[in-house]
C-alpha cells in the first residue's frame, strides 16, 4: 500500500511538473515562433534568447492589481478560472506518457506511466472531463457582465459542443479498432502494426482539426477573437486570474497533443524499437515528449499562419465537414473490424 | 460498514422528491426542466442500484435509454422555451394559459 | 467469365442510376455515352460469358448472388441461371438492345437534354429488367424482371406524357398487363403451395418426383402461366394494348414491343415447358389462342394505314405463330421464331422509324410513297426484313415459320393427344396467316417506298436518308435477318442429308419437344415447304397488283366499296376496343362510382363522422378540466403516477 | 472508506439538489445541478458502474447542462418573477406530493429485502454494448428514432419563419 502510494505520488509529481513546465516553455516558444514566422526578433532581452522572459511575465502578472469589475457575479467570476485550470490538469492523469519497461521502484512495478492506470474507461473519462472545460469559459463569459465576454462565452459553448461530437466520433474509431477503452491498450495495440493515423487517416484529420477548435486556438479562436470581441470571455480578467486562463489554454494544448500522439501516433512507442529497463523508460519518455513537442509546434505554426474562420464557417465546417467525415471513418473502421482486417 | 442498496434507494427517493418539488413549485420554465432532469437522474440511480442488487446489466442498459430520452427531452424542451420566450419575452409558465378552452 | 454474369445486369442498372441522378446536369453527349456504354459493356460481358459457356457441354450454370427472402421454409435466392435457352435469349436481347441504343442516339437527338437522359435511363432500366427476366433462376426473380419490363414499357409508351393519348396508351398497357401478371402471380403461389418451391430447377425436380401431384396441378399452373403470357405477349384476348403502345418512340417499339419484351411470354412458356408437357389441355389452349391470334391480327393489319400500327399487328400475329408452335409442343421452334423475329421485326421497326424521321414525324402511309429513291439504305434493309417476315426462302423468317408450320402439321397428322383435327385446322389457319402476312407487308413496302410521294411539298423538301448511327443498326439487323435462319435449317430441307437443325439440338436438353410417334415423310415435308412459299408468293403478287403501278390503290378501294360493312369492321379492328369499353371499362367505372358515392361516402364516412361528432361532444364537456396551467398538469401527472405506483406496490 | 465517500456524496447531492431547485438565479441552478450529477456519478462508481459514471458526466454535465447554460445566456438569464399570482393550493399540493414521494421511497427502501449483492457486475462497456445491440436492439432503434424526431422537432420549433 505504502509503496503503491509513493509510486502514484511520484507519477503525479512528474506529471504536474511536466505540465506546469510546459506552460512557460510554450509561451516562450510561441513568442519566439511568432517572431520567427513574422520575421522579427521576439523576446531577447531577459536571459539568452529571451529564455527567462516567461518567468518575468508571470512575475509581472502576479504583481498586477487583481481587479474585480463592478456588477460581476463574484462567486462565478472567481470560480471560472479555477475550473479551467482544474479541468485542464485533471484530464492528463489517464494519458500514458511513457512505458514502464519492467522497471520497479520499491518492489512496485511502474507499469505504464500514467496515474490512474486502473481506470477501465480511460477514454470515456477523458472525453467526460474535457467536456467540462467549457464551464470555465462559459462562466467567465457570463459572470463578467460584459457583452463581449458573454458573446465569447456563447460562441465557446456552441463551438465546443459541436466539435466535441466530431472528436468523440474520431476517437470511437480508435476504440473500435483497439477493442478497449484503456489508453495504454490503445498504445499497446499500435505497437505491433501501423499507427492508427494511417488506416484511420480520416479520423486523424478530423481529430487534429477538432483539437484546434477544442483548445480555442487559431484558426478557431472565436471565443476570444481579439479583433472583434476585444478578448472574448476573459476581457474583464486581470492578474493571476488572467494567467490562469492562459495556463489552462496551454495545458489543454499539451493534453490534446498528448492525446493525438496516444490515439493516433503510437504514444511512447517507436516502430521496431523494443528496449528494456531504465534505458527503455527514458527512451519512451523522450519519444513521447518528442511527438508531443511536434504537435505543440504545429499549434504555434498554424496560429501564425492561418487567418481566423468566420463563425458560420466554423459551424459549417464542424457539422457539415467534420461530422460526416468522422462518421465515414467510423463506418470504414467498423467494416474493417467486421471483415477481420488485421491492419486496421 | 459499506452502504447497502437501501442507502442508494433512499438517496434516489430524496432526489426524486426534490426534483418533483422543483417541477411543481417553480414557475421558471428552465427550473422545471432542471427538476425533470433531476428526477430522471434519481430514477437512474435507483435503476443502477437495483441492477447491482440483482447482479445483471439490464438496469444499466436501461439507464442508457433514459439518458437518451433525457437528451431528446432537453432538446425539445429548450427549443420550446426559446420559442415561448420569443413570443412573450418571458419563460414564466404561469403566463402560458392562453390556450385553454 | 461466367462468375461475372451478374455484371450483365449490373451495368444497365448502374447506367440507369447515373442517368437518373444526373439527368439535369448531363448533356446529350454524356447521356449517350453512359446509355450506350452501359448497354455495350453488358453486351461485351454477355459475349464473354457465352464464349466460355460454349466451351461447356450444355450444363446449367447458376449463380446465387444472395439469399433474398427467408421466411420459414420459404426461401428465395436472388440467383441467375444460364442454360442454352437463356443463353439464346441473352444473346439476342443484348445484341438487339445494344443496336437499338445506338440507333436511339440518332433518333432521339432532337429531345431536350433531360428528356434524352430520361429516355436512356428508362431504356437501360428496361435492359436490366429484361435480362433479369431472362436470367432469373426462379419464378420470383423472373417475376421481378417481368414486372420491371412492364414498368419500363409503361414509362416508355408514356414517354411523351404531355400528350394525353400517349399517357392513356401507357396506362392501358400497364393495366392490361396487370391482368396477365395476376395470372402469373397466382401460378407462382400455386407452385409454392403445391410443390414448396418456386425455383425452376427445384420445381422441375419436384414435379418429376411426384408425378401424381404434378398431373393434378400441371393444367392449372400451365394455364395460369399462359394467362400471364397472353398479357405480356399480346395474345387474344389481352392483345389490345400493343397497337396503342406505338405511342412510344419508335426505337422503343422496336426493342420492347417487337423484339424482346413481348416475346417474354413465349420464353416463359418454353422455360416452364416441363409443366406444359404434362398437360395436353394447356398445350391445346396455347395452340388455339396462338393460331387464332395469328390470323385475327393479320386481318386487322390488312386495313391499317399507320405504318407502325401495321407492324404492331404483325407483331401480334407473329407472336401468335410462336404460341402456335409452342402449343404443338415444339418449344425449340417457337424460340427459334422468337430469335429470328427479333432481328427482322426490330429491323422493320427501326426502318419505319427512319422513314418517320425522314417524313418529319408522319406515320400515315397514305402520305408517303416513293421513298425508295430518297433513302436507299432504309429501303433495302426494310425490304430484306420484309422478305424475312413474309417467309421467302433463304431469309430467316422462312426457316423458323416453316419449322413451326411443319411441327403443327406433324402434330395434326400424328394426332397429338388425340386433338389431331384441331391441330390440322390450326395449321390451315397458319397457312392463311402466312398469305396475309406476305400481303400486308408488301402493301407497306409498296405504299411507302414505291409510287409517287403523296405528302406535302414542305415534307418532300425535307426528305433525307437518316444519319449513320441510325443506318448502321439497320444494316446489321438486316444482315441478321438473312443469316439468323441458318442456325435452324430443318432436316428436310437438306434432304435428311445431315442433322442441320443446330438450334433444336441446342435447346433440346432444356425444352424438349413434345413429339408424336408418327413421322412425316420427306416428300410431304417438301410439299409443305413449297405450299408455304407459294402462299407467300401469292400474297406478294396480290399486294403488287393492288398497290403497285399506275392503278395503285384502285382495286382495294373497289373491294372496300363492294363489302362496306366488312371493310369497316376490319378497319375498326373488329370494334374490340369498343366492346371492351362497353363490357369491362364502363361497368368497372360505374361500380367504382357507386362504391365511392354509396359505400364510401355514406356508410364509411358516416360512421367516422358520427364518431367524430361524439368525440367532439365529449371534448366539449371535458375541456373544462384543462386549466391551461402547466404546473397544474404536472401535479396531476405526478398524482396519477403516485396512485399507479401505490396500486402496483400495495 | 466507501461509506465515507457515500455519505459525503449523498449529502452534497442533496444540498446541491436543493439549491438547484430553489435558487432564483438560473445559472446557479444549473451549476448546482452539475454538482448533483457529479455526486450521482460517484454513486454509480460506488455501485460498480464505472462506465455509466463516465457516461453520466459526459452526457449530463458535459452536454445537457451546457445546453441549458447556452439557452439561459441566449435568453439573457430570464429571472422569473416569482411574485404576482400566488397559487397556495398548487404550492401545498405540490409540497405534499413531493413529501409523499420521498416518504414512499424511503419506506420502500427500508422495507425491501436487501440481498447480499449478487456477483458484482462491473458495467463493462463491452457487456452493455452487447446487451444494447442484441437483447435490446429494438429499444435501441426506437431510441435512435426518438432522437432523430427530437432533433427535427427542436429545429422546427426554433426556426424563424420568414
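Chains here go by letter, A, B, C and D, matching the order in which they are written, and residues are numbered from 1 within each.
Note that in this section contacts are C-beta pairs under 8 Å (C-beta built on N, C-alpha and C of every residue); 3 or more make two chains touch, one makes a residue touch a chain.
The shown structure was predicted, so the numbers you read here are calculated from the model rather than taken from an experiment.
Chains that touch both chain B and chain C are the following: D. By number of C-beta pairs in contact, A-D leads over the other of A-D and C-D. Centres computed as Cα averages put chain A at a distance of 33 Å from chain B.
Spacing of chain A relative to chain D, judged by their CA centroids, is 29 angstrom. Distance between chain centres (mean CA atoms), chain A to chain C: 69 Å.
In chain B, 20, 24-25, 27, 94 are the positions where the chain touches two or more neighbouring chains simultaneously. Taken residue by residue, chain A touches two or more other chains at no position, since every residue touches fewer. Within chain D, the positions touching two or more other chains are listed as 51, 55, 63, 67, 74, 87, 90, 93-94, 97, 101, 104, 108. Chain C makes touch with chain B in their complex at residues 623-624, 626-631, 634-635, 638.
If you check the complex, the residues on chain B that touch chain D are 1-22, 24-31, 33-35, 37-38, 41, 44-45, 48-49, 51-58, 60-61, 63-65, 67-76, 78-83, 85, 90-92, 94. By the touch criterion given at the top, residues 629, 631-632, 635, 638-639, 642, 645-646, 649 of chain C touch chain D in their complex. Taken together, the chain D residues at the contact with chain A in this complex read 25, 27, 31, 34, 50-51, 53-55, 57-58, 61-63, 66-67, 69-70, 73-74, 77, 122, 124-125. Remark: chain B residues 20, 23-25, 27, 32, 93-94, 96-101 touch chain C in the complex.
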